[in-house]
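Below: one structure in structure tokens.
The chains carry the letters A, B and C, assigned in the order they are written, with residues numbered from 1 in each.
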Amino acid sequence: MSESVSQIFIGTLLANNFVLAMFLGLCPFLGVSARLNTALPMGAATTFVMLVASLCAFGLNWLVTALHLEFLRLIAYIVIIAAAVQLVEMVLKKTSPVLFRALGIYLALITTNCAVLGVALFQTAREYRFIQSLTFALAGGLGFTLALLLMAGLRERLSLANIPNVVQGTALSLLLAGLLSLAFMGFAGLGAGE
Amino acid sequence: MATAPLIPGQKPRSNLEELLEGVWKQNPVFVMVLGMCPTLAVSVSAMNAMSMGLATAFVLVGSSLLVSLMRNLVPKEVRIATYILIIATFVTVVDYAIQAISLALYDALGAFIQLIVVNCIILGRAEAHASKNRPVKAVLNAIGMGAGFTIGLFALGAVREILGAGKLFGVSLFGPDFQPWVVMVLPPGGFFVLGAWLLLFNWLDSRKAAPAKPTESHAHV
Amino acid sequence: MNVLTQPTPSSAAMIRTLGLVATVCGILIVSAYQSTREAVAANKRIALERAVFKVIPGAASVKEFVAGTAGVQPAGATPPLGAVKFYAAYDQAGALKGIAAEGAAKGYADTVRVLYAYDPEKQAITGIGVVSMRETPGIGDKIHSDPAFLKNFVALDAQLAADLKSLAHAIKVMKHGAKQNPWEIDAIAGATVTSKAVGKGINDSAQKLLPLLVPHLDTLQGGK
């Protein structure tokens, strides 16, 4: 496909935000967005894993297509992502204990984050080339982080507000997410132009 | 993921209880709020939502059966790997089945069929229920959960289609003068409608709790 | 997945289990793939035919081709680099009815993909159909229902320039009501961005495909 790198980046970051427009990675979005100081490391870890997953998926897709084993693609993706997350975890533990402590608990969660598998599946479906794939993964991760941070900021404020009991909890988070999503729709059309 | 809110084996539950648990008391969409990525993404119409629900239910039942059959064979260390492998297999099967049944449906659901793999409900069921119970119970529980998920998705999809397009299953309901509420079939609508359903359930819960009526906790479904 | 647990059972047991699971899974996948393959292929052909027949009325069969620097050839396993895929549609008698090809460009929300029909005799685009889009319902998605917009594609001029290297006039999308020439597209009022995406997708694709295709049109005749 002929999308330019900047179009992919802007589009994926804002107009087609992974969380708010494509509904990927909602579980961590609602689960880990209560406080700002956990939202940032979660976003960073996810972005990193998404880049790794995108890289692996690109290689795997090439291999699977070359061998005409398309029906094994999904299994191959999920296994390689799980393995990559484990590997990242182990490498981090050895080389940078500080970073590991900051990200550690999130890494295990990320394996089953749909955003990560989503990156791999969407880049395949859209036939992105190498640079396009990496851009897509990076923008997707940053978009996820952005949504997480916005949500965490809002929820920290709201924890002080006086809200009827019925609205508390997930229902409130979903309504907030809806408003954020509405706001992000305003970015649609960015980068379309000529 | 993999919240395991129920404590299995407190006392052996009847088969009926296993079946109904997922439909109402632990409804994956409205009570546990799990597996929301596909819930919100494909629920723009009742048809898509139903198909997605049924596909998920099939994977849930198939993987629960296999996990339950193998529960004594699988060493603890490799159990998650095994579960993921089994789930991915069934998802691939469903993926091909949908392509064979209707390509239009396949295009509408897109990558979200394959994303069933990472649906928290399925891995959660495999880990918390199927790996600890006999095949009959595991399958019944999975059928219940699958039905609950399908009902939840349908409730969401139907509301979004009715408000956002004035149709249900593609049949126009209000005639040509209806001005559709377009935002409902756009991404924000997904959040709003699910939020509204949760509000309704919260409200029902709080009403039930407030007058403290004795008994009648799960008499009706 | 967690490798950090205490007394591990023998690796042989783990490998045996994983092997067994993998075998079962392998059998399931392969049997599903084999048993659905024909139905899937048939579905894909039907979907393609339906899409092509919609933009080229009167066609009865479709064949896939690629056009490259080396000329036109049937679409095979490995198309040559830089080749453009297109579909040739034939009527009952086997005469060439028209050419269909896909164009894509970024629209308002996401990429808009359209299938357009090219009539070699008229040297014009004679119809479009939407392959996929996620444009705003009620606004951008009018591109496949708005009669005034679709009228643009009854005979949209797509002649090649004298040197056969590009279109004589690039296909352009004008603001609503500003169309003057046969190679211009009149945008839908309020949905200019989506309309522009349609025009750009067709123009990009036609500029690439037609110079490769038109000199070899005779090889497509009587394709039965």
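The rule is short, and it goes like this: contacts are C-beta pairs under 8 Å (C-beta built on N, C-alpha and C of every residue); 3 or more make two chains touch, one makes a residue touch a chain.
What you see is a predicted model; the values in this text were computed from it and never measured.
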{"item": "Central chain (distance from its CA mean to the mean of all protein CA atoms)", "value": "A"}
{"item": "Chain pair that, of all pairs, has the most C-beta pairs in contact", "value": "A-B"}
{"item": "Separation of subunit B from subunit C, taking each centre as the mean of its C-alpha atoms, in whole Å", "value": "34"}
{"item": "Centre-of-Cα separation between subunit B and subunit A, whole angstrom", "value": "22"}
{"item": "Length of the line joining the C-alpha centres of subunit A and subunit C, rounded to whole Å", "value": "29"}
{"item": "Where subunit C touches two or more other chains at once, by residue number", "value": "1, 3, 25, 29, 33, 136"}
{"item": "For subunit B, residues that touch 2 or more chains besides their own", "value": "81, 85, 88-89, 92, 96, 186"}
{"item": "Per-residue overlap in subunit A, given as positions that touch at least 2 other chains", "value": "71, 75, 82"}
{"item": "In the complex, subunit A residues that touch subunit C", "value": "1-3, 7, 11, 15-16, 71-72, 75, 82, 86, 111, 126, 188-189, 191-192, 194"}
{"item": "Residue numbers on subunit B that touch subunit A, as the complex places them", "value": "1-2, 33-34, 36-38, 40-41, 81, 84-85, 88-89, 91-92, 95-96, 110-111, 114-115, 117-120, 123, 183, 186-192, 194-196, 198-199, 202-203, 206"}
{"item": "Residues of subunit C defined as touching subunit A within the complex", "value": "1, 3, 25, 29-30, 33, 104-111, 136, 193, 196-197, 200, 204"}
{"item": "Subunit C partner contacts - residues on subunit B that touch it in the complex", "value": "66, 70, 73-78, 80-82, 85-86, 88-90, 92-93, 96-97, 99-104, 107, 164-165, 180, 182, 185-186"}
{"item": "Subunit B-touching residues of subunit C, taken from the complex the two chains share", "value": "1-3, 5, 8-9, 13-14, 17-18, 20-22, 24-25, 28-29, 32-33, 36, 39-40, 43-44, 46-47, 132, 136-138"}
